[in-house]
Amino acid sequence: MDEKTTKENLRDIQNEPDLRNIGIDKVGVKDVRYPIVVLDKAKERQHTVASFNMYVYLPHHFKGTHMSRFVEILNEYSGEITVENLPSILSAMKERFEASTAHLEVAFPYFIEKAAPVSGFKGLMEYECRLLGSFGEVEDYIVEVKVPVTTLCPCSKEISDRGAHNQRGTVTVGVRFKGFLWIEDIISVVEASASSPVFSLLKRADEKYVTEQAYDNPRFVEDILREVAIKLKDLDGVKWARIEAENHESIHNHSAYGYLEMDYTDDSKE
Amino acid sequence: MDEKTTKENLRDIQNEPDLRNIGIDKVGVKDVRYPIVVLDKAKERQHTVASFNMYVYLPHHFKGTHMSRFVEILNEYSGEITVENLPSILSAMKERFEASTAHLEVAFPYFIEKAAPVSGFKGLMEYECRLLGSFGEVEDYIVEVKVPVTTLCPCSKEISDRGAHNQRGTVTVGVRFKGFLWIEDIISVVEASASSPVFSLLKRADEKYVTEQAYDNPRFVEDILREVAIKLKDLDGVKWARIEAENHESIHNHSAYGYLEMDYTDDSKE
Amino acid sequence: MDEKTTKENLRDIQNEPDLRNIGIDKVGVKDVRYPIVVLDKAKERQHTVASFNMYVYLPHHFKGTHMSRFVEILNEYSGEITVENLPSILSAMKERFEASTAHLEVAFPYFIEKAAPVSGFKGLMEYECRLLGSFGEVEDYIVEVKVPVTTLCPCSKEISDRGAHNQRGTVTVGVRFKGFLWIEDIISVVEASASSPVFSLLKRADEKYVTEQAYDNPRFVEDILREVAIKLKDLDGVKWARIEAENHESIHNHSAYGYLEMDYTDDSKE
Amino acid sequence: MDEKTTKENLRDIQNEPDLRNIGIDKVGVKDVRYPIVVLDKAKERQHTVASFNMYVYLPHHFKGTHMSRFVEILNEYSGEITVENLPSILSAMKERFEASTAHLEVAFPYFIEKAAPVSGFKGLMEYECRLLGSFGEVEDYIVEVKVPVTTLCPCSKEISDRGAHNQRGTVTVGVRFKGFLWIEDIISVVEASASSPVFSLLKRADEKYVTEQAYDNPRFVEDILREVAIKLKDLDGVKWARIEAENHESIHNHSAYGYLEMDYTDDSKE
């Protein structure tokens, strides 16, 4: 029997020294798909499906990383992934890899039941979310959510005798915070800042309502960024935010786009 | 108060006659996202997240379709979507829309626990699935699953003094069948037809095993198509299949691709 | 020196017999990227970048396909790809592979200069096109173009006191035809069937114009399908069409979708 | 005649004051598609097709941005986009928008003719490139190129009695530099750092060559990052680089991934 066939004797290449003297900022697995359970403000727990990126810092003296250990850690947490246990997972990653820094990115669709504004008919709305965590000399966590909205152009409304072009927009908000933060609260801020929220189920009376609401609340991408920036200030614990707004213009084949970062711990933006 | 603001009086444009005399093959909603529960061979039920396309035939005399009714039907089924209740959902669509034909397409990731071949360590593998149903003069159902595999090139192995190029391949199989069919059984057929299955978690002894297994079982896309075609014949109830194999070539920046349709109710392919 | 290292002696695995007795409908290369030149109604020739799928029928007695020959054929045509030389390329494919049938799919962005409706300012609009050809017992060619448009909802306009929801839509038209057909002519048909064309460059007076034009021409996906179907009948040489319309709804997070096939050689749809 | 219909009198909403006191980091157009000509080391000029993102800083006192001006600037440069005229385009953006900072991102496929290693047969290889420029208080330019490669796993080779798993990998390199830099030179560095380059056209003798070359040069993502990092140091003018390597693992359904930043103006990484 060849030595190679004995598991105990398989040479551990990754563990061998590397002489090129270059540490690697991030190394790990990308796009690992895994079903997870997340916290839900209305229903306590929600089943969904996530994509994981898991990386660690690799010191210059190691040749490689034992990639299978990332998936072992995922298995141990059995898919319970919440804002609250990110530090514990990152801690496990640091320890298992003896790494100075660990990074975790979890992306998943999140569903919220939403009632139509007039008929009250209920439908489920999907919001794409990401939890981003880094644990090294400092800990850093960002909760991100992508919110589809209706935007109606203030310029088009003002200059036109009738109608106004409007379209689906996507507003992506990532926040750093103290304490705990509900995804639902970020979504509420964004939907209140657009011309109108979007819905999965609207009857005729609802369609009339959202059409008129959008017409009455025209918003440029610039307006949405500023409205979200101001409203986030009032959300308990928000320390920093990046806000992105993209309008899939109905009169063009490209997007209008805006990006804004806000640091709520100082006054530099004001 | 304007008449328009009274829900009861909102004019039903969709219901009005159309004089252009053209019936529409399919009209409805596309990419509606909804969490669902599907049947699971090992664990009975599995939570996942789906994208729905729901269409009906629109007769020439109607101007439009009441799109919100599709989402209402989804709500009524509360996300219990299985191979077995597709006919019932399609039936509800036909009835609600008074349509001669209804079409339903449901796409979702499906997870199966899979043990590594030597260490026995378990990991979750994701398979993208689709259920396709049409209910008109005839009923037609297709179950489709996309299976990632390893493929090792027979030519490269034969002509090279050492090694052989290999890569991830994607095999997509859609089948028509009598009775009931487990997604798991289609996956088994495909994985047995490739150079090796792929896994989410492999330790060193497993990596040695799958490397050698792939080297010992070289397969062109052509081989995979033919192997799957032959093995499907032995799955109870399979009447027809379309098989697609795509190799994301490791030595090229394009794919090798093959496509094959098999009708198991006659002998025309043989 | 090992025999294997001599090119002349490398065993030709693909050419060897296969005993599984299954012919393969399509086998070849997918997503080969290649710069091409296409015919341009306004400027004679246009440089663009294409993705090629090239397949042939593989008889049951051959084990594999010599994939490199597809790219050799591409090289010979040096990127001159037009509706007119598709038959010649398919012919070359049939001959080189001794195949009974050959399939070619070429996808590329195509640009047209378009003047804004009031200011006359010019901008370039991109349209994604595909040429599809099959050459076996019969020859079959389809020209396909994807046209972004503005669609304004007739129901929303009718029931609302002010405004009307509108959005970017995508209309995809594939046609079979006799003789020659300009991509530009299909685009004109689609743009005239929507609530408004979209533009890359609009000044304020133009924005007012297209906003009002869209408001004055509300269209469901159903309307667009029917309008395109009727107008295509008047384009010289069009024998058959498939028409797809998708509205990226501004009030929903899903699309409204319709699909229609028309055979202009009979009256079956009317 | 209503005042609104007179172009001269259309109110300029964007130009009006905003009282929310928030400046916006980036606002502009995204995904504008445009055919361009780029410099080509072998053939002087190359026609291709680009996607543009163009943003400026918007001071807190302005309500909005005149988006059409971005497309006007594109028109003026008529699609001649090179590393050398980026500063001039950014300058034009700053001036036209009276902006303190302008950002430009141009993404395009770039083709290089590449000879197979034994037969010498030529084929075209596509590389996705991006030019990124910011012009504010400081000027900052990055040239980025995505290079597909073959990677063969050192661990799999070491522990297996025969064969070794390999796969297509994607290496993305972005560099800051002094003077001028050819995209071709970055590509050469990456291809020399992988197990083997990939090709669009390989005959049997070439396939044998690249198979053996890959087997003789096993590389983890970690190895590729370090090799590229070391070789870039020898490219004239390179001041800084970010290097990303992703292996589309042939034995997994996820990727192995690594990321590294190098500052060649100091010794901090060594």
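As written, the chain order gives the labels A, B, C and D, with residue 1 at the start of each chain.
The rule is short, and it goes like this: a residue touches a chain if its C-beta (ideal position, glycine included) is under 8 Å from a C-beta of that chain, and two chains touch if they have at least 3 such contacts.
Values in this document were obtained by computation on a predicted structure and should not be read as measured data.
Chemist: When contacts are scored as defined above, which chain pair ends up with more C-beta pairs, A-D or C-D?
Modeler: A-D
Chemist: Give, as an integer number of Å, the spacing between the C-alpha centres of chain D and chain B.
Modeler: Here the centre of chain D sits 35 Å away from the centre of chain B.
Chemist: How big is the gap, in whole Å, between where the Cα atoms of chain A centre and where those of chain D centre?
Modeler: 24
Chemist: Roughly how many whole angstrom separate the Cα centroids of chain C and chain D?
Modeler: 28
Chemist: Provide the list of chain B residues touching at least two other chains, using ranges where the numbers run on.
Modeler: Only 4-5, 10, 32-33, 126, 155, 159-161, 200, 202, 204, 208, 253-254 qualify.
Chemist: Indicate which of the five shapes (line, ring, star, complete, other) describes how the chains touch one another.
Modeler: complete
Chemist: Mind pulling up the chain C residues that touch chain B in the complex?
Modeler: 2, 4-5, 10-11, 13-14, 18, 20-33, 53, 55, 58, 63-65, 67, 154-155, 158-161, 220-223, 225-227, 229-230, 246, 253-262, 269-270
Chemist: Which residues of chain C touch chain D in the complex?
Modeler: 4-5, 7, 10, 12, 32-35, 46-49, 68, 71-72, 75, 109, 111, 118-119, 121-124, 126, 200-205, 208
Chemist: For chain A, which residues count as touching chain C in their complex?
Modeler: Where chain A meets chain C, its residues are 125-126, 148, 150, 152-153, 155-157, 159-168, 196, 198-200, 202, 204, 207-208, 210-212, 214-216, 248-254.
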